[in-house]
Amino acid sequence: MSDFTPNEMMTIAAARALSNDDVCFVGIGAPSAACNVARLTHAPDITLIYESGTIGTAPTVLPLSIGDGELCETALTTVAVPEMFRYWLQGGRITIGFLGAAQLDPFGNINTTVIGDYAHPKTRLPGGGGAPEIASSSGEVFITMAQSKRGMVKDIDFYTSFGHGRGGIHRQELGITTKGPTLLITDLAVWRPNPETKEFEVNSIHPGATREEIARTCDWDVKYAASVDETPPPTAEELGTLRELKARTDAAHAGTASKRGSKDG
Amino acid sequence: MSDFTPNEMMTIAAARALSNDDVCFVGIGAPSAACNVARLTHAPDITLIYESGTIGTAPTVLPLSIGDGELCETALTTVAVPEMFRYWLQGGRITIGFLGAAQLDPFGNINTTVIGDYAHPKTRLPGGGGAPEIASSSGEVFITMAQSKRGMVKDIDFYTSFGHGRGGIHRQELGITTKGPTLLITDLAVWRPNPETKEFEVNSIHPGATREEIARTCDWDVKYAASVDETPPPTAEELGTLRELKARTDAAHAGTASKRGSKDG
Amino acid sequence: MAKFQSLSEAVAENLKDGDSVAFEGFTHLIPHASAHEAVRQGRRDLTLIRMTPDVVYDQLIGMGMVKKLVFSYAGNPGVGLLRRLRDAVENQWPRPLKVEEHSHAAMANAYEAGAAGLPCAVFRGYKGAGLKDVNPNIRSVTCPFTGEELAAVPAIRPDVAFIHAQKADRKGNVLIEGIVGVQKEAVLAARRSVVTVEEIVESFEGVHPNACILPHWTITSVVHVPGGAHPSYAQGYYPRDNAAYLEWDKIASDRDAFQSWMRENVLEVGPEIFATRVAPLKEAAQ
Amino acid sequence: MAKFQSLSEAVAENLKDGDSVAFEGFTHLIPHASAHEAVRQGRRDLTLIRMTPDVVYDQLIGMGMVKKLVFSYAGNPGVGLLRRLRDAVENQWPRPLKVEEHSHAAMANAYEAGAAGLPCAVFRGYKGAGLKDVNPNIRSVTCPFTGEELAAVPAIRPDVAFIHAQKADRKGNVLIEGIVGVQKEAVLAARRSVVTVEEIVESFEGVHPNACILPHWTITSVVHVPGGAHPSYAQGYYPRDNAAYLEWDKIASDRDAFQSWMRENVLEVGPEIFATRVAPLKEAAQ
């Protein structure tokens, strides 16, 4: 398949990183699409959890919010929100926490709180929601975002959620026992942290994307792994599944859902 | 009605102390009978809560344990046990906690843990169950027990649950904000704590009982309130309700329930 | 003991100027009708509490009724940022807004602690997170067994909580089903509570034994307001009005447009309007 | 991921000598069949955990399998004391028994903390209570906001939890209804878990959206043992066998009577016996 968008490639690359045994804490937007594509292709038994309390959801269309009725109707069970954060997230049962970011630094630290000073922000963003504890309590963290110089910055304005801090063993120094960000999937590349420094390195470049484009849309000095592959392009099955899911979603939310990119919590 | 047993009088006197607006944490045995007689006579809207998690139960027969199926089947809802102790008891929603005792002292301190030394007990009793926090978190505490020199003692062997300690403002000194034991109903009398010393005083003597009998079945020096009444005898309605409840209970548990006096939790 | 009242009585008796108040709902069952009644009654100087302030909090903030917001995620779900909230925080319009910001885990635990009568909630959280440095209500305790440092936040104890639920029975017991959020905790944590419901039924006979039910004696006031969650949804009654959430983004982008929308759609109408708003949604869902 | 196994496989794979183990159940759904299998497999040196140890713990203690008991109320519900437990504590027969004793509130909070992955539970409790003086695992923390001293106990994290439930579906998800006790918490707090069920159904389609369900990936092993709670009960399946609880008082009053009862009714039978034991109860209840 050669006829696909960078966003589709991003979603499909993220979907591939999930396995049948994963228990995913899902954010809205790209993470939700990726998790559901995984469920509809190679990982039919993956467990999807939304922070509204729905456990084991299998929506036929993508939700607009983390609390859509569809998520509850298709869930194995729905629990109260305090239980969700205590037994399921803090209890260490989540294998993958999926996060988006307004600002991301090369060590996987995320800002969704403010642009500018906290007390007098230039832009007041929505805040962390579940992210601070998703980042510390999930077994590992996957991040997806479209690349931009405003989004991928050397220094974030606020540490909404902690990735690898200043890198190296900074997580362990803070007493955090989980792995933190292990994967960053953008619309141009797949990145993984360097095993020592924990700084993100490009591991594979999506078909059609270039090193120049990656550099132009990232405000930090991009590092590359020793061997950099091309991301395998979407298969017909992957792309078909994603597009059918989006078509079903658009039909279900007909006329009411022209914009769905934002994360809410 | 003059034809009634001391136990019936005890249960009915306890039932009278309950009102329609009360939310009672009910133990098994005499407390359960008293609460249900109240519900079936003057307090039809009383809320009965059993520590197994059943809220607003209305059993047609008395349960044998705090977790009988009947309690759940007739309840408004049934919650998990951690929630019961956190939201409902610790949350301060219980107006009356009903306790029994193996040993009771004149200040309403209760022992249901051991007779003798804790490490090498002469008799290992069942332990406190819910009692330590029922005693401190309920708005007030009612105690029922049949009188005996072994049961009503000057000094209990173990402080399973705290009543008024050494009396006076001992509760407040420990930071306990609830009233503690405000009523003791035995098979012979109704007792209330002296407003200053907090030592139990006989407030009314059941019909047929005497000061001599009370003294003979109590190991501490019995004090009397300034004015001591005779407990009004059971009315025909009270006694009929209690006896019908017991008859229904015996029929329902036919052959399996010859002994029901023990508290379980 | 729950009183059955009109919405204007329930709000007048239970919400005072200066109160801390939670209109809770987690995407589902958001009590819009109650909040709109508070707008009509012109309450001032409120401290608003909610995990996920969205459109309806944008409205209260934009009307200048709010002095402080306690929250963990402020956004228009599936759409974007809250423009009235941003205007208040970034430009102090129509008045400055204090914020006390937490994570979801902290807020959920703080409601739980409030319901449980505790002074604080203890959990594992905020590790490496920046909110610790800007919110003095994020502290810590040390586990006396392992020495681990755990996060602590004060329990949430609102003066009053408003929620919307599916059903009340004749006694005023309330049934919540589906995504139950933190609504039970909000009611149990609050000094007073008002519950609007889609329907009043004779009894809850036949409901699952472990359903989420609030006994009538935990609730101050029950009000029958069909559609009272709109544009949020009530599972089993009507779906979410996604178009209204999208539309809000445009309305809230302009101060004048916002004010005339509030006049026409809140100030000059009453709670009966909610039933008519959900009627086409109910129909479309059939 | 839950495996469907025989009871002997499930116990053999999951319960080892020296383990800490909770056979939980709060009057309802007590996992007698699993405990009897542990007797047959001769496990030793167990630390037993349960809020309400009753007849089945009396049996394990009397068989000498237990070195320590963590509990909050030990009695034969509706009948009286546990005679084998008393013999162990008072006379060290057949071996000495260590006890770690708590209140129900402490145990319930400790299971909750275990399920929540915390090292300890914090609650308001033990004020003026004597257990504080005899149990070094009752400590305190100070609220960093109010200065109130709150009780703290270690989280319960059993090596293995056994529970009995009404239903599993084909994937191994488990449904518990009625008096749910602390069973969900016990499973989530434990490293391994074995669930015996009355029935295996195709799916949970139609069950209430907020029912108490444990996902299959939180459970190690699911075993179909109809009647497996007897003489406890399974709501919707069979009532409590009150006569058996009364009878136990006589059996347990004598060491020899106890041992021969265990031989005849546990050692020389298998889990199939439970279905036959509840058959007359099911019939009588109809």
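Some points to look at:
By written order: A, B, C and D. Residues from 1 in each chain.
Keep in mind that, in the parts below, a contact is a pair of C-beta atoms (placed from the backbone, for glycine too) under 8 Å apart; a residue touches a chain by one contact, two chains touch by 3 or more.
These numbers were taken from a predicted model, which means no experiment stands behind them.
Listed by label, the chains touching chain B and chain C alike are D. Across the two interfaces under comparison, A-C and A-D, the one joined by more C-beta contacts turns out to be A-C. The distance from the centre of chain A to the centre of chain D, each centre being the mean of the chain's C-alpha atoms, comes to 40 Å. Averaged C-alpha coordinates give centres for chain A and chain C that are 28 Å from one another. With centres defined as mean CA coordinates, chain B is found 57 Å away from chain A. Among the residues of chain A, those in touch with two or more other chains are 72-73, 78-79, 86, 90, 137.
In chain C, the positions touching at least two other chains are 112, 116-118, 123-124, 148, 178, 180, 185, 209-212, 235. Taken as a graph of touching chains, this assembly fits none of the simple shapes: it is neither a line, a ring, a star nor a complete graph. Every pair of chains that touch is listed here: A-C, A-D, B-C, B-D, C-D. Interface of chain D with chain B (complex): residues 26-28, 51-52, 71-82, 85-86, 89-90, 101, 103-105, 108-109, 111-112, 123-131, 134, 148-149, 178-182, 184-185, 212, 233, 235, 239-243, 245-246. Residue ranges of chain A in contact with chain C, taken from their complex: 28, 51-54, 63-69, 71-73, 78-82, 84-86, 89-90, 113, 118-119, 121-133, 135-137, 158-162, 165, 170-171, 174-176, 253, 255-260, 262, 264-265. Chain C makes touch with chain B in their complex at residues 1, 112, 115-118, 173, 185, 188, 204, 209-213, 215, 217-218. The residues of chain D lying in touch with chain C in their complex are 116-120, 122-124, 137, 139-146, 148, 150, 152, 154, 177-178, 180, 207-212, 235.
Taken in their complex, chain B has these residues touching chain C: 21, 23, 47, 55-56, 72-73, 75-79, 86-87, 90-93, 137.
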